[in-house]
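Several structures are given next for inspection.
Both of the next two complexes hold subunit A, though its partner changes from subunit B to subunit C.
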Partner chain A sequence: MKRRISLFGYAVITLVIVYTIVKLVIPRVSMWIVHWPYPLGVPTTLAVIYMLLAMIGLAIYITMSEKNMEEFLTPIRNFLRGGQPGMKGQARLIALVLIPGLAGWIAYDRVAPKIQSPTGIRIQHPTIPGQYEKLINPYRDPKEDTVKVFIEKEGLGAMKIEEARALLVQKTMAEGRGLYQRNCRPCHGSKADGNGPMALGFRLRPANFRDPGTIPTVVEAYVFWRVKEGGRGLPRESTSWDSAMPRWKDELTDDQIWKIILAEYNTADVEPRKPEKLE
Partner chain B sequence: MRYRKGAITLLALIGVALALPAMAAPEEAYRTFLGYDSRIAIWIIAELHLMFGAFVLGVPIFAVTIEIIGWKTKDPRYDKLAYEFTQLLSGAFGFTATLGGLLAFSLFGLYPKFMDYLSGVFHDVMYIYALLFFVESITLYLYYYLWHKMAKQKGLHILLGILLNVCGTVIMMVANSWASFMMSPVGIAKDTNQFIGSAWQAMNNPLWHPLNLHRFLGNVAFGGFVCGAYAAIRYLGAKTQEERAHYDWMGYIGNFCAVCGLIPLPFAGYYLGREVYSNSAVMGNNMMGGAFSWTFIIQAILIGGLFIGSNYYLWIGMHRIPGSERYTKYIKFIDIIIILCFAVWLTPHNLPLSAEEQISVGGQYHPTLKYLGLMSGKNAVVNFIILSTFLSFLLYRRANLGEGIPFSKQGAKSRWILLGIAAGLILILGSYSNYLFHLNPAALDLPADKAKYFKLPAILLLVQITAMLVAVAMTFMNRGKIGQMLYLGITIIDITFVLGVYGYIVMAVANPFLRNVAVTQWMTMMSSLVLVTTLDVFLFKGAPQVGEMTWGKMPSRSQYTLIFLCVFIVMLIGLMGFIRSGLRENWHIYGVMQDTSPGSWTPDNALMAKVVSACGLIFLSAVSFLFWLTSAAEKKAHKPDEGPAAHPKAAPPAHEKTARSRS
Partner chain C sequence: MAINPLKIEMAPGRISAGLPILVLSGTVLALSFSITMAEEPAAQAPAAGSPEIEAGKKIYQKWCINCHGEEGDGAGPAADFLRPRPRDFRTGLFKIRSTVNGQLPSDQDLFNVITKGMPGTGMPRWEHALKEPDRRQLVPYIKTFSRRFARTKDAPKPVVIGKQIASGADSIAKGKQLFHDMECFKCHGDEGRADGPSAPELTDDWNYPIRPANLTKPWNFRGGHAPNDLYLRLQSGISGTPMPSFADSLDNDKTWHLINYIMSLWPDPSGDVPSLKVVLRARRVESEIPAKPGDPFWLAQEAFDFPLVGQVIKEPRMFTPTGNQIEVKAVYNDREVAFHLTWDDPTNSRPDSSKGIFEDAVAVQLPVQIPTGTKRPFFLMGDPELAVQLLRWSVGESADGTVTEMNGNGIARLVAQPSTSQETRGVGEFKNGRYRVVLKRPLRTGNTAQDIQLEPGKFIPIAFFAWDGSNGETGAKMAISHWYYFLMEPPLAKTVFIYPVIGVAVAAGLQWWMIRRLRQRS
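After this line comes the complex of A and B, so read on.
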């Protein structure tokens, strides 16, 4: 049975559908999902990847059998050979002018100088400096000595070590929360979701700590480094000029930073990355 | 004879190299390579040595397997094929040894202080290594040169082949222990950085076995694709239909062996990656999110190319199978699934953006597409890709088979085998499910309330067991095909859609457990591969063939695909070699001995691309030369006036047993 639409036609329709999904559907669905005020366009690099993959998928299907190849090439051959009567013939002429014209315009558009910002690659998690690598948050699981000092200081003589440890963590957490709300909330938000009252003022939005791709993927020492040194402490490949993160070592003590980190994970309802035990 | 001489010379060279520590002047830490950058020289030599090594270690694994199949089925075609694979091997072995000698010389010459330290740790093992190399070379020459003489003592000959594989694997493991020690050293005194452990302790470092597994599988895939390219070149230059048929078949077997190695490879890579992270969180961060993150995007493209190319080759091959038209209509769906999966696989978490794009999406991440860039999404789709590739093989296998004997009439043996395999799988899945149910969160450094996150994967394993029982019961009721599809379908839903999404939750709230989620996905997938294949064997037992296979009727583009696959795997092994070694950054031995040479900086992606491409080009040129030598030697052995060759005759274009052999 002969198809009503040729394989060539199907290929063109498929590419149009994929293009529509990339350019219209994904931006609008994304807008709807994250309640954004406008459609969230697919970045050019990604759009090119998706379109290329669609073309590869089509090329695979078309060249998989001689029959498919023939069916795909026949309309192209007929078109190039010409001889179509009336309107079809004229349409062919128009297409033969338009297609090279379009290719020429795209080539011109790509190479003609114009004002545009360069596309940059940003290293997401730059190498942590050696001095931070082995640091451990002293407040996450306080050592027995620290707990004993706490018992003594707070006059909790009869309390068991484990109970006192939990109490100490709770107390530190409360302090950390206060520090977080005072120093971090304006940008990162009271729920640590990156939606603080000042968030919209930045070109690179503050990190959303609830996102599993942010603080849950790194160890606490990494966060400590980022908080302490801020955007200015980022290496060049991480485009330090893009980050508005202050250098908190000028404002906060190390102890305060650790407390904030403890509270930050808790507020975001995520866990820090822990190196697994080696097998 | 020439190989033997070459090997002896090279062994002598290695011996000299091993004695070099005594001759080296440890006061001088670094030297240049003939006035050039010593780091790049070492990089190229080591990479080429590894590429040849991968070929030499990978090919014997399937050469012996094919020989065993030939011995058991008494089909001379397999024997001829195994011999041809071994022919390629003997030439490459000389190259591997030469490069190994050169690498040893260069390392001791250019990095004397570092090698002084390393040989101080491993000197005993180095002698064993040299001895093993000696045993391997003798075994290889005996295996190759006595092939025809031992035709009547096949069992003994196969034993030689197995010994060859054992030697090769142990050699690889020894060399891996050195490389992995440099990444995850053990037995080091904290204050002095001096090695105070034993050689065995140093060998048995945390990354040793993950690296062994990854390289072993990688070598099989590498060897298969390189052999596939050899067959493709011979096919394209074939003068007779008989030759074309033989090389078409050889190309198919090469691709099949490669895919067998490729299928478990992503999981082995994941295992290695997790262990790298466990050993050093900094190394782990650098690898996937830091300086090496973009190389992983390139890796994803290359792996994508391998899976797509292998499937494409298989799909073209369907058209040489009479009866395949019953199944070719499904291929477009597999094509769509694989392309969609690769769209996810290739989506980076962190995107290259212009300033305008950054503003429009509000940052460095796209608010929705960023999730596709996380490990959980990647794990989900890679399992789906593997299952789709498996489905392609399944369709290929049954393409020209009619209806098999109903299972109920296949006798008690079939029933017991099926029940035995199902019981084994149930035991494995059940044990792991039980382990997850009783897993103590403290073992993963997680608080007690996180135990609730362990339940879903455990329950899904029980679902999988139930589905398996249903599939087996349906087979007993002669409804095995439905049972097969049911099991495959449930596997896909479980590992891609349920655990794939669940992984995001685990990532955020119980990250260390993500490894167990990945293990659950992998176990479920492997159980599916085993059970569905077993069912397929029984479902098509005694099935008549629809028509004869027409080997040697493949279009040229299929052969170019095999060559493309070879180029891709060569580039991939080069890239991964760079990543593994580069992760140490400015350390010879991570955290113990710093690299203070002028070339201690981490190469950028541009330099990496140039050096890896150069290595790939040199390797492919050298391999082409070897292939040419092999075919020239073969032509000499087949002079027309001398009649047929001494070894088994060329393969017939079609064979009654062909369909069986495809399984």
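After this line comes the complex of A and C, so read on.
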């Protein structure tokens, strides 16, 4: 049976299909699987492995029989030998010029100096200093005494403790939101997505609190330390010189910072990590 | 223009957010509504307390009150940090409308603004943070703040967008004439950089100062920069601001000519924000570098844009700076390096203490020592450990401006170098809302303790600052950039040209050999 497309053609088509799957289909499918708004690309090394596997498979099939080998090589031989009429002949000439050109371009690409700014490793979450480690946000789950004081102060009289506690949290949350929007919004954004009006000016981008890798992964005491000491309080391996985070202890009280943290988690629609019980 | 009487009643009596507000607001709102309803029974008044309104209110109170205020008066706790200020919903005046002049916005208009945000303002895109039903739910609640919605029975009439006229030299020329005839330049400036003679005095309907749009920066247009968006703004005006509707004077054709002219002022036809590059490259030239910023030499050099934002790290902060972008070109020769800086500023400000005006200025920041590892000085004017050098140009007294070399070990520790070590020369000019400045400095100087010694091929941190004196910008109140890199391109090595030639030769040789063998066989 005579095939309309030669084995060489099939080999090329197979490689194109595999490349399309790696570059387009897999990232699309990943969006659908993980429900993220942007595709997850296949890492280059993995893409190379997939392509190599496809080529090895093709090589095995082609070299399995003399007939296959012959069928695969014939178009290449015909192309090199030449003598095609008209358009085909011209296309051959163009290809013969392009192939050495491509080789030259690859060589140039390898040796030409690339403008690539220096990259450094940055530790995103340095270890929290000891004096901060055990702190607890007094406003997240206020103690009974605090709630009682609140009931008295606000003249809530016979209100049940649990009801008053919820009201107290609601009140501190509203205060915290106001403080957050005044002080943090310019960089971290109204939605706590790290996209405030000033954010684009800083190459070390303000943290996106909706990102699971930021505040949801740390305890509130950690956030308290970061807010209080700011960029200047970062160790050297966390590139303190690039951080635009102010040292808020100069301007905010501890109480205000805790209120902000309460509101910050709420604004970002995330929960803080629970402190681990240590012996 | 309409000033809401409610504003006068309510503004002094505003209570700070807290528990009383949380408890009472429902009652207050319900009360104000019952009054409204009693005064003018309107058919379409949304019933306060209806589930639809209550659901919107809940979302509003979580996400919107800190700018727009509990009462929708645009005076939430964050309002003072914003310019333009958050909208006061009580007047029913909304900037971005698709409806004819003087009418209320459509529900879809309000929904679109919530969804897409307003570029260049504090209003963010809520598209991803709030789900679509939640964003829709906000619309009826926002409408409860103004009586106008309840009073208006008929649905607002949309602006009809006529057939678009393709851009071309002829249409742009007509648009330019209209730009002049309609007196657009009086606010937007001769070249569209928001520097018109009336610009400094403009106020909105609430008497807050307001700036005209810089027409050369379409990515900051509040209602988007698609041609149809521009059509709607011209036809329906921007309510609550001095931007009027031109529906009476511009027919469909004229509107499109004007749009085509405005679009011709953009740096890029897409209207998108210029792409950010991290490395500022300086080409080596063999000639003398022109000192004048208007010299045609500079047109041929590659431009790099860097974003500027307010200095919000240390007090005194600047939340609403004028500068939002600076364009930089750099070249060097065997003796000196030159920076060509361009940025927009609507006024040429000279110091005037009686009016609270400071001088306009710009600065290039470099570290004193080229960093060898990752460590470098703090990007905001250095730190006690590592110093930075500033090459600062200011409007000054002379026609070309004044240049000062300074050193910084922190924003509060900035010192001018002694006059014997002032080696940077600069020439600046201001025209049509734009500064252009050339700063030139020797590559190497005698003062190695305070001056950076520049070396080709090294990645040197670089940052930029700008001050608009008419905007209260002086000292720490300014527009800043982060660290970027400055690279003086070293001359190319010869191998860069030899290897590709070898590559071509080898490939061509192999090809020729294979063809020859195949032909011999057959």
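The rule is simple: the second predicted complex is superposed on the first by the 156 of 279 C-alpha atoms of A that agree within 3 Å, B and C clash if a C-alpha of one lies under 4 Å from a C-alpha of the other, contacts with A are read in each partner's own complex, and residues count from 1 in each chain.
Criterion: contacts are C-beta pairs under 8 Å (C-beta built on N, C-alpha and C of every residue); 3 or more make two chains touch, one makes a residue touch a chain.
This is a predicted model, so every value here is computed, not measured.
Once chain A of one complex is fitted onto chain A of the other, the partner contacts of A:191 are limited to subunit C, with no touch recorded for subunit B. In the superposition on chain A, A:42 makes contact with subunit B only, while subunit C stays out of contact range. When both complexes are overlaid on chain A, the residue A:177 reaches subunit C alone and has no touch with subunit B.
Of the two partner chains, neither subunit B nor subunit C is touched by A:158.
In the superposition on chain A, A:87 makes contact with neither subunit B nor subunit C. Once the two complexes are laid over each other on the shared chain, residue contacts for A:167 go to subunit C alone; subunit B is not touched. Of the two partner chains placed by superposition, only subunit B is touched by A:65; subunit C is not. Looking at the shared chain after the overlay, A:123 reaches subunit B, while subunit C stays out of its contact range. In the superposition on chain A, A:5 contacts neither subunit B nor subunit C. Within subunit A, the residues touching subunit B in one complex and subunit C in the other are 117-118, 120-121, 203-204, 210, 242. Note for the complex: subunit A touches subunit C at residues 37, 77, 80-82, 96, 99-108, 110-113, 115, 117-118, 120-121, 154, 167, 170-171, 174-175, 177-182, 185-187, 189-191, 193, 195-204, 210, 232, 236, 239-242, 244-246, 251.
Of all residues in subunit C, only 17-19, 22, 63, 66-67, 76-78, 81, 121-122, 124, 126, 128-129, 278-279, 281, 307-310, 312-315, 319, 374-380, 383, 386, 459, 480-485, 487, 490, 492-493, 495-496, 499-508, 511, 514-515, 518-519, 522 touch subunit A in the complex they form.
Residues 206, 274-275, 277-282, 284-286, 288-291, 293-294, 308, 312, 315-316, 319, 328, 331-332, 335-336, 338-339, 342-343, 346-347, 349-371, 373-374, 376, 443-446, 450, 504, 507-512, 515, 555, 557, 585 of subunit B are the ones that touch subunit A when the two sit in their complex. Note for the complex: subunit A touches subunit B at residues 26, 29-30, 33-34, 36, 38, 40-46, 49-50, 53-54, 56-57, 60-61, 63-66, 116-128, 133, 203-205, 210-213, 216-219, 221-222, 237, 242, 269-279.
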